[in-house]
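Multiple structures follow.
Okay, so chain A shows up in both of these, paired with chain B first and chain C after.
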Partner chain A sequence: MCDYYDKDAILATTEACPVNLTHGLAAVGRYVDPCASANDLPPNTRVEVPFWIVPTLAARALANVGTPRAVYGHGLSADIGADPGCVDLRARSPYFYELAMKVSGEKARQDDTQTLADDPLMKLARLAFQGRYRDLLVKALSGNCEQDKAVRTLPSLTSEERELFESAREAARVYEQWRNTEEPRLRASRTVTNVTRGTRKRSRGA
Partner chain B sequence: MAADVRAFARTATELYRDVALAEKHHLPPHDHDRLKRAIEEVKYHSEEAQNLLKAQEQEQDDANGELGSQDWTSNPASAAAVLVHYESILRNKRLMLAYVHERCQKIKAFRWRLGNAVPKEIVDRMAPEEVHFATQYNRILSEYMTGAGVDDRLGNIDLTLDATLPPKEPYVKVLVKRDIGEFVTEEGKTVHLIPGSMHLLRRCDAEPLIVQGVLEHEGYA
Partner chain C sequence: MSSSLSSRLYTPDEMTFCAEDALVDIVPRIAMPACAFLSTTIPPLRPNIPCTVPLWMALALKKRHAARIVIPAWLASTEELEALLERERNDNKVFQHLTEHYLEVAHLLLAGTKGARDDFASMTVMHKNRDLLEKLRLVRESKLNQGLEGLATAWNSVKDEGEEFTVPLNNISRMELNALRPLFQGALDKFWKLEHANNTAATTNMPSATPTPHQTEVEEAPVRRLRGR
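Let's turn to the complex of A and B:
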């Protein structure tokens, strides 16, 4: 598996995904989903489990994959149809696109008649990305008040979009530097400055 | 069954999240306790799965008198439970390996950015094994750099210097921030680096000290 150590692949698969347990589940019900009604679950029970359990169960026809409503429901398609740039995707899931791809991949594998491209979840994710990508680049590359714009834009971006945003800004910075033909000033490493200032920056926020 | 709601890789997920979401330049302290707890959980999952397998075998032996047959079609709910335990073990393994891997990457990055002078605060956050890894990595990198000189006259090359672009100026103007006493340059001259004084140093001499925060870069000559 090429993404075994990949940070985004690992964290995206911790997101919850609803499944329909076609044959039930013995003894471990409440452990996989704390909201389940009992530990022994009868056939055709709906539970929410972390996504990493899903592929094994789905491959053996022990579970049917559903769409995570908390992420992709609640009028999301209407919001995205109106203005994709304004939707706070991060609040829904920091791994919005990755999860959509994984869930529709599982669905397509279970149902031969449906191709990946036809999946409504896939269409929704593509529509969202198309609409947001241009917006994102414009905001990342517009020069002067970039700090201000970044502060306002960043909180609603998924982690993949953040990466794009930051690479765009870095590219713009380096280009500017090259155009002004100034040599970069050498600086102390952030690790040293963090330690000497005694500031231990906390994690970037989940 | 031990009622441990923290099972199903939740501990390992927290463990991994800690280091994965930390800032790029920050190394969180090595979380030995959580790591140990995650290993305990793996043992618990393994035992539970074994119990389920044994119970199933027993049942089948009683039913048809055949030894060692494994047919789960009559009992899919237990089969699902075994799979859940099995996946939990694999997931724990992946998270723990990724945790170790991520930390090693960070430690390597420190060596490239800071040279030999990794601050004590960072070293304190490492596990003994990680300190060992750091010294060994340091050793092979130095060995490689000693051997990598294209030209014998160049001698040792410091590959960790930021040499993505050829510098326009060989000399840089620096302000001394911290007292490290006498400093011997590559040309063999001795410079007294007293805090507050300005010097014109060769870039290759100054760069590691600037990165370590001893000197501040004021401009080019």
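Let's turn to the complex of A and C:
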């Protein structure tokens, strides 16, 4: 439950995830899938639903969880094997890693397996992050001299990577700025200064 | 919470503020009785008798021309800095020992207006030592970055072959660590999360007490009709 307050974890649950309905759904067909011909979905229909409803469906054995092909299909593993840094993961899903973890967690519960480490989805996510981490690091830390490089990198990063990247750059920037200034920018607050000068009343009245 | 990566960070100015508690030697030019503060006690000052005070006190006295700061040994002697730089360059595994606030203290002492530049042996020594310190900082920084780059491959090898890999972080000063903190912490968090996903993801959104109902139970349960739109 450590990601209960994590906004990435929450937003990741809005991503679409395909499920296979075991019992069908009555009266919500057009809502779930606007192209459906009937309003009752028969059993064994494959529909895409937001991920947040998947645990509820799966827990009641109403649906089998599938892998989001739009995100993790289409030769992604080949691309990642070739050069993870060049794959535009953001176009696939802004919450690539979070969603992979959630989907494979759900699958593991469905199949009643304990280990996720061997799940191909997790392997893919891990491989992608390992490959991209190095790029991220180099570009974030050398960002000061190569602005355009950083800007070019940014669009292909997922939200999670982007946050890491920006916080690293921010830290490096602040550090750099500190080294180049002589005067400390930490100053006493106005209230304190006014008290020591004995002008607190006057400034408050003004 | 990964959303607060950058808010976990201290600003360099805050770090400098903390570093002002470091002790330095001064040679006072004035006499002053001992002062007791909440956290520290300043010993009585007597002209030309060296004593040890916190850096903030030393800088305040220096500003009033009431004392001369004795530059700490690691910053004052060119030979020592050169030797340190040499050792730092030759040894790729470990970092050389320096005081944990070395960057901040040097920054304060070498500052143009409020610093203690004139307390060095000479201006030449001051400039030389400053350059040496800058070189030292760069060597340490590149060493740190190498360690960080190795992290991804290391993570693999630890898992597959049980090999041990360490990113050397001993003797890292506070400022260096603070600049790296968001990246280092965030990346390690992510690696860990991807590795141990079954512990985190599988418990999300679920009342963990309810076991997965069996297929048969569901079939026996009455089907709840949802109202049509």
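By our rule, the second predicted complex is superposed on the first by the 163 of 206 C-alpha atoms of A that agree within 3 Å, B and C clash if a C-alpha of one lies under 4 Å from a C-alpha of the other, contacts with A are read in each partner's own complex, and residues count from 1 in each chain.
FYI, a residue touches a chain if its C-beta (ideal position, glycine included) is under 8 Å from a C-beta of that chain, and two chains touch if they have at least 3 such contacts.
Please read all numbers here as calculations on a predicted model, not as lab measurements.
Asks: Chain B or chain C: which reaches more residues on chain A?
Replies: Partner with more touched residues of chain A: C.
Asks: With both complexes overlaid on chain A, does A:R109 touch chain B (first), chain C (second), both or neither?
Replies: Touch partner of A:R109: chain C, not chain B.
Asks: Contacts for A:R179 in the overlay, against chain B (first) and chain C (second): which applies, first, second, both or neither?
Replies: second
Asks: Looking at A:A125, would you say it contacts chain B, chain C, both, or neither? Reply first, second, both or neither.
Replies: second
Asks: Name the contact category of A:A26: first (chain B only), second (chain C only), both, or neither.
Replies: Both chain B and chain C are touched by A:A26.
Asks: Just to be sure I read the superposition right, which of the two partners does A:M101 touch: chain B = first, chain C = second, or both, or neither?
Replies: In the superposed model, A:M101 contacts chain C only, not chain B.
Asks: Looking at A:E170 after the superposition, I want to know if it touches chain B, chain C, both of them or none. Which is it: first, second, both, neither?
Replies: second
Asks: For A:Y5, is the partner it touches chain B (first), chain C (second), both, or none of the two (neither)?
Replies: In the superposition, A:Y5 touches chain B and chain C alike.
Asks: With the touch criterion stated at the top, can you tell me which chain A residues are shared between the chain B interface and the chain C interface?
Replies: The answer is residues 4-5, 7, 23, 25-28, 30-31, 52, 60, 62, 183, 185-186 of chain A.
Asks: Under the touch definition given earlier, write down the residues of chain C that touch chain A in their complex.
Replies: 1-3, 5-6, 9, 11-14, 16-17, 107, 111-115, 145, 148-149, 151-153, 155-156, 175, 178-183, 186-187, 190-191, 193-195, 197-198, 200-206, 210, 212-215, 218, 223, 225-229
Asks: Which residues of chain B touch chain A in their complex?
Replies: The touching residues are 1, 5, 7-9, 13, 16-18, 20-26, 48, 52, 75-81, 83-88, 91, 94-95, 97-98, 101-102, 110, 113-114, 118-119, 121-122, 162, 165, 167-169, 172, 206-207, 210-213, 216-217, 219-220.
Asks: Flag every residue of chain A that touches chain B in the complex, lowest number first.
Replies: 4-5, 7, 10-11, 14, 21, 23-28, 30-32, 34, 40-41, 43, 50, 52-53, 56-57, 60, 62-63, 183, 185-196, 200-206
Asks: Can you tell me which positions in chain A touch chain C when the two form their complex?
Replies: Its residues touching chain C are 1-9, 13, 22-23, 25-28, 30-31, 39, 52, 55, 58-62, 97, 100-102, 104-106, 108-110, 112, 114-117, 122, 125-126, 129-131, 133-134, 137-138, 140-141, 160, 163-164, 166-168, 170-172, 174-175, 177-179, 182-186.
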